[in-house]
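We just call them A, B and C in the order they show up, numbering each chain from 1.
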Amino acid sequence: MNRTSCDLAVVGAGPAGMAAASEASALGLRAVVLDEKPGPGGQIYHAITAPRTAARDAVLGPDYLGGLPLVDAFTSSGADYRSGATVWQISEDGVSYAGADGGGDIAASRVLVATGAMERPYPLPGWTLPGVMTAGAAQLLLKGSGLLADDAVFVGTGPLLYLVATQYVNAGARIEAIIDTANPAAKWAALPHLPMALRQSGYIAKGLRMLARIRRSGTKVIHGARDIALEGEDRVAAVTWQQGASGQRQRLACRHVFLHQGVVPNPNMTMAARAAHRWDEAQACWVVDRDTHGRTSLPWLLAAGDGAGIGGAKVAELSGRLAALAAAHDLGRLDAAAFAARSAPLIRRVGAEMAPRPFLDRLYRPADGTLAPQDEATILCRCEEVRRGAVADAVAEGCPGPNQLKSFTRAGMGPCQGRMCGHSIGAVISELSGRSAAEVGYFRLRMPVKPVTLGDIGGMTHAQKEET
Amino acid sequence: MFRRFDEAAGPIVEIVVDDRRIEARLGENLAAALLAAEIEPFRTTPVSGAARMPYCMMGVCFDCLAIVDGVPNRQTCLETVRAGMVVERQNGARAPGPQNGGE
Amino acid sequence: MSEPDYMIVGGGIVGAAIAYGLARSGERVALLDEGDVAFRAARGNFGNVWVQGKGATCPAYADLTRGAANDWAEFAEDLSTETGIDLHFRRPGAAYICFSPEDLAKRVAVLEQSNANARIKSAFEALDLADLRQRLPDVGPEVAGGTFCPDDGTANPLLLLRALIKAAKDLGARYLPHHGVTSVARDGAGYAAETTAGVVRAGRLVLAAGLGNARLAPMVGLDGPVRPVRGQIMVTEKVRSFLACGTNFIRQTLEGGCIFGESVEEVGLDDGTSLPVLRDTAQKAVAAFPLLRDVRVVRAWGALRIMTPDGVPVYQASPDGSAFVVCVHSGVTLAPFHARGFVDNLISGSLPPDRFSAFSPERFHVQTV
């Protein structure tokens, strides 16, 4: 088992983690970065250090390649980077991880969780069928292996859905249709936030260009679809939906469906650490409580990047730097004046980058009924195959919330540890009990924050080496 | 079905999936390589025996599990292709202990 | 609904079993429970219907346990029929695993003493490693042997709790979650409980609030001599069945996951986990069953058990038979007793000394000089 110690242990090598490690190293802190992937970059810059092609670079565009300077700075920062490392435990003493090197314990004065976002699980009938994946998953296949699937149907809403569709169009894939589930009224609700969004005008312009590109390609975009269901036996074979208020049920045959309903922080690690969290109504998700520098309710724990609140890659990078400054300052390695001077421009830039968020949050807010599906047979917990009807039965019996529900139905007990059902179960309980999502609460999570073997936990791994 | 729209430089290696030899790119994502080779499904669930394939590709959904080099329940979306890798599809619950195979 | 005959404070397995039993006997019952986040011992329970060694120093407890275990099959069948919920009750016996010959010898002595004193006998076998492997082939070489008792069984404590609450509700009991009780007091001829959702009144009061009994019982002149004892528990991913019977610290559920843990910590009301204990627990599980080394742990948590000073239950009635307190840490094993025999005593308004004197909290008063 490996043992080492550091000032700052960073979990995640996406934009926030890379920026934090670079900044911390520049400030003279010893930083160790642990990440599950084989290379740095996180989801946004997935496989950016792997062999690429000019064709793929052209499809993925300048926002993707814009990650290269950050990656280069990180790899030359001197931070101790461990890839393929699954962190399963964090505490005031540091972090424990499992990995091909045998895993180990890293003592750390501060721990920064930069584990990023995940796509909001979108439970609808048939979403567990082979051939159904998230739009983000399709994009990761494109980034890492240049894989495309023709004649896919994209279902949902959000900037990433349209980004992936645009990349598909640019790569020459045929898209069967895009079914946009956004509530048409969302446009009006978003409108008051548009002036503020235009302060960061590049973002909105980019979005408009994407929509124009999709329109020019002749791709069918369907609005006003309700009660969407995926059909198939061994594999998805069709998407069906109700069009308009009284129209008949529509059907589109397909072999691939890509789902997306926006992104939410992956809350498991900060929750398992028992940091305070709050319900964010604007983004309809749980987020860790933190200050401008990412300090949480626990003195040893910081959080940065999309895992601490959705802001996108630029904000993630800035928040990573701020967290590194806070760690350096709080460990007595950066005086108050320097801390303030270095923080101020970063905080200003975060403010500017966040300007479009209220507009986007309103525009792409999941429509009613997408977070809490109505169909009784829809699976909510993919691991334990718990359907909405079973959840509703338990709630009718008086089950007071997600934790008792977990006990009574096994929802959330599987290997994904509630990541795929936590938010939708909260939404269903909220709807059925008439209590707000904030009152209903979330699963109480514990270590291990990912499933690891008894050998890993017991420190009895096959590869063993000692460091000091 | 997924197709490769480009081909990055790098060696092509063979891996074995349920006694079938498939080509994969050294260092690429294992789940991607299996999808490119039209391996379907990846596994069946321990609860109902339902077929599953990758859903998230980023390590959170646990639907892309397979037995990789004798170790069951590996997340193939977090594995990297190595020459001579042996992958077995997993039917239902894993057996306890290290092993070579589903049923 | 008019004022209930009984209010039961505590919606865990003990309180729900009593509520179910009272409702079955035609009493009007309100079952007061906390919200979603509670120190719910059921969630930390192994689900062992455990006989061997229990009550070794207290024959009355041994008999109580053995009687309840013998009633479990019929109880489970009734409750499953009433609710449609399978409790996963099985009675394949269980092994107590010993890591040294000395431990095994001590264990055998405990079981022999227990049998000598108890009225209801319970057979057991002492097994060396080879014999133990006849029953549990995957036991590791560090194990010295164990004892096996055919009277031990297993059930799913979470499904048991769900079934008890559902059955009680179906029989007309009022189940009141989000009614955490802050105080209880005499109120005319009956009792009033201040809760987080208002005042609840009833003719009679049953305190089955687990650790909450320590605070609530003195408010009505009763004793709740309990303290929390934390056990850190882990559960694995589903694996194919390999444990044919239960053991003292690891059990395979019907779903396939293995649940294990045997740490004992006095840490107050902290239900967290800690790396050193998780590490020890994992090492011990692998020592007992080496094939678990490559099995993944999906969940771990700290469970607070409800412990009396001597580990023996406390049952107490007020002098006028209108208020009762129950402090036990084996709510699963004793569920048939709480739902049946004990309910008869509640209704009659007294706990007959021939059966209950051994469980009176007065036993803790004797030494105070």
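Methods note: contacts are C-beta pairs under 8 Å (C-beta built on N, C-alpha and C of every residue); 3 or more make two chains touch, one makes a residue touch a chain.
Model, not experiment: these values are computed from the prediction.
Enquirer: I'd like the most central chain, judged by C-alpha centroids against the all-protein C-alpha centroid.
Expert: Centre-most chain by C-alpha means: A.
Enquirer: Per the definition at the top, count C-beta pairs in contact and tell me whether A-B or B-C has more.
Expert: Between A-B and B-C, the larger count of C-beta pairs in contact belongs to A-B.
Enquirer: Taking the mean of the C-alpha atoms as each chain's centre, how many Å separate chain A from chain C?
Expert: 40
Enquirer: Averaging over Cα atoms per chain, report the distance between chain A and chain B in Å.
Expert: 23
Enquirer: With centres defined as the mean C-alpha position, give me the chain B-chain C separation in Å.
Expert: Chain B and chain C have C-alpha centres separated by 43 Å.
Enquirer: Can you tell me which residues of chain B touch two or more of the remaining chains?
Expert: Expected reply: 73.
Enquirer: Would you please write down the residue numbers of chain A that are in contact with two or more other chains?
Expert: Residues 414-415, 451 of chain A each touch two or more of the other chains.
Enquirer: Where in chain C do residues touch at least two different other chains?
Expert: 237, 292-296
Enquirer: Quick check on the complex: what are the chain B residues that touch chain A?
Expert: Residues of chain B touching chain A: 1-10, 25, 27-29, 32-33, 35-36, 40-41, 45, 47-48, 50-63, 65, 73, 77-78, 80.
Enquirer: Show me the residue ranges of chain A that touch chain C in the complex, using the header's touch definition.
Expert: Chain A reaches chain C through residues 89, 91, 93, 96, 105, 274, 394, 397-404, 407-408, 410, 413-415, 417, 440-441, 444, 446-448, 451-455, 457-460.
Enquirer: Which part of chain A faces chain B closely enough to touch in the complex?
Expert: Spelled out, the residues of chain A in touch with chain B are 36-38, 43, 47, 50-53, 55-56, 84, 86, 118-119, 128-134, 136-137, 140-141, 144-150, 171-173, 234-235, 255, 266, 382-385, 414-416, 419-420, 450-451.
Enquirer: Please give the residue numbers of chain B that touch chain C in the complex, ascending.
Expert: Spelled out, the residues of chain B in touch with chain C are 46, 71-73, 92-98.
Enquirer: For the complex, give me every residue of chain C touching chain A.
Expert: Against chain A, chain C makes touches at 33-37, 40, 42-43, 158-159, 161-162, 165-166, 169, 175, 177-178, 234-237, 255, 272-275, 278-279, 282-283, 285-286, 292-302.
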